[in-house]
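Can you read through this structure? Questions will come right after.
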Amino acid sequence: GEEASSQQADTGSAFEGLPKIGGLDYSVEGKVFKMTLNRPKKFNALTLEMYKGIQASLKFAQNNDKITIAALTGTGNYYCSGNDLSNFAAAATKGPAEVKVMAEEAKNIMKEYVQGYIDFDKPLVALINGPAIGISVTVLGLFDAVYASNKATFQTPFAQVGQSPEGVSAYTFPLLMGPLKAAEVLLFGRKLTATEAKECGLVNEVFNEADFVQQTTDLLAKYSLLPPQSMRESKRLLRKIHKDSLYKVNEVSLEYRFA
Amino acid sequence: GEEASSQQADTGSAFEGLPKIGGLDYSVEGKVFKMTLNRPKKFNALTLEMYKGIQASLKFAQNNDKITIAALTGTGNYYCSGNDLSNFAAAATKGPAEVKVMAEEAKNIMKEYVQGYIDFDKPLVALINGPAIGISVTVLGLFDAVYASNKATFQTPFAQVGQSPEGVSAYTFPLLMGPLKAAEVLLFGRKLTATEAKECGLVNEVFNEADFVQQTTDLLAKYSLLPPQSMRESKRLLRKIHKDSLYKVNEVSLEYRFA
Amino acid sequence: GEEASSQQADTGSAFEGLPKIGGLDYSVEGKVFKMTLNRPKKFNALTLEMYKGIQASLKFAQNNDKITIAALTGTGNYYCSGNDLSNFAAAATKGPAEVKVMAEEAKNIMKEYVQGYIDFDKPLVALINGPAIGISVTVLGLFDAVYASNKATFQTPFAQVGQSPEGVSAYTFPLLMGPLKAAEVLLFGRKLTATEAKECGLVNEVFNEADFVQQTTDLLAKYSLLPPQSMRESKRLLRKIHKDSLYKVNEVSLEYRFA
């Protein structure tokens, strides 16, 4: 198959040091490191383990000289349905003190998850194969390119569930799409089609579903052969300008979220 | 009629504490507070009283727990033709000392007017029913959504009248539409159609004139039922990132304007 | 001809104080000062002399009260192919100490070149007649309008040649086109057509090749008659907000570039 060295096929060498996480697959194709969310029955919702797994994967990709570019995609019809609600379900049976500890832990995991994207200094591409919801959308401003299938949609229904935006979207979305579109999306939870997301800067290119995997695989392969040190320096320079603000907004967003 | 509790119909309860201002009507529909510029013969130009009235209205909406969202629109063919030139006409018959006092007063009213938008922390929507000019355009970057009729146009002819941009547009327009489009609009006074304004991020959605009122009324009603505290927290988070800069640019812009 | 007072025709008065530079022509049409890159055999690549010449031209335009607006365009099929590679060819025959001195000199010339754009406070328009590459693209975020022929393309192939972005594009491109499109363009060197460049805010308007010169000449003539002091104040206000950051990013970018 195309995934010549998937996690299942090769656990000894290519992925040494990477944890085995339920719902998260790894593959290396040439110099491209690809993470695939693989919980299709749960629409690829993110468990606390998966947050930590993706963060560890980014560190792995950063420190592995054979990898020049990383990508994140989903299995099945969804890209990612966001935070797995069962992450907090256990809290329902606990006392207030335990709930507070659990909330603090969730907050820290989310903070470090987003920080992982801020700190990652190799090119990072999102391949949005289907609907993307919540935190899987809000972190997209920290990627270097977002390619979407025409089946993709984007929604951040924070207001609908009584929350405030995370993933430093409060910072990146006004830069991506301007303050007015950002407010409509983040305050009112307006859902965007792939084409609308492209029009407002959240998506670089939309591909037909039938061509999506092949076209994006070709693009990643092409990019992966560019001089890695040059891509890295360019990304560091672009990130440097916003890095302190991103750290700060990440902290503040989570204070609002877990207030 | 639709305006079940317009200023005229109900002055005792729903609008308690709100001043009666010529050219500015209020209505409450459900949880939506709507301000309507009503000087059609003057193309809804803003008098000094109207600036103060809108500012007071925003405070009213902010402090009224039954209101979850606010909107501003215009009566007749125009949305708003900008600053009423008669605001400064009286100065023609005065001596230099009196003119200086009048200019200082106008500057303060404009400063507090813009600050009112910066400080307003509930969602605020502009419903642009027709041509919008000058300060009615420049403050739009402080709204959370701008919906326009296809009859709307947008113009900031500062250069043409020997002025510099106010309404913190020097800050918000480069974020909304990028520095190049912002310079073309603010330096050269280029007029935008509703569609062009949408393409460059100044408008979220364009509706046909015939459907405009109904469609936007429906949207506002829908948004007004979202959890108010969540929308407010989200807006505070988005605004917090830019608030100090907005205050500062508001001051600096008026120094340039009244130099 | 249209260039009523080209460099060749009138060296005594209109262009007093301007150096004669190979590959760079000047003209004044009404109140419009136009610089034309004129090395069509080299695709208008920029020599070190041309960098200094453009910088001197901007100072000339800034200090000449008869000029209200400036423009930059190219002769022939290309707008500009970027930095002339022969600028560094001489280094191939030198020892390490001399190479270091030459690199330092090139770095300073480039730094002051970009600073010249940051400091220029009259309106500046780019007329992109054909392909634009490298530093001729990265500085465009410092112009006030960019008009392109449908034959224009835009490319910043830094990764391809092992470099990092200059011209403060690391700062201006995320503002112009959002962080995702900016990363795709600056990290992966993605080439944009004129229409794509318009869609992402790098170009204000695309004209058919046949109409390009006439239409842009008419626009510049129209803009040049606006009150010059008002345009200048507006530009100063817009630039003031970003000026310190632009200076800093210019320095940092060149440290990355010449590391």
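For clarity, chains are labelled A, B and C in written order, and residue numbers in each chain start from 1.
Criterion: a residue touches a chain if its C-beta (ideal position, glycine included) is under 8 Å from a C-beta of that chain, and two chains touch if they have at least 3 such contacts.
None of these values were measured; they are calculated from a predicted model.
Taken as a graph of touching chains, this assembly is complete, with every chain in contact with every other. Rotation angle, chain B onto chain C, C-alpha superposition: 120 degrees, expressed as a multiple of 5. Interface residue usage between chain A and chain C, two copies of one sequence, is largely distinct: under half of the residue numbers at the contact are used by both copies. Chain A and chain C have Cα centroids separated by 37 Å. Multi-chain contact residues, meaning those touching two or more other chains, occur in chain C at positions 175, 177. Interface residues of chain C, counted against chain B in their complex, comprise 123, 140-141, 143-146, 172, 175-177, 201-204, 223, 226-227, 229-231, 233-238, 240-242.
Those residues of chain A that touch chain B in the shared complex are 158-165, 170-171, 174-175, 177-184, 186-189, 200, 245, 249, 252-253, 256, 259.
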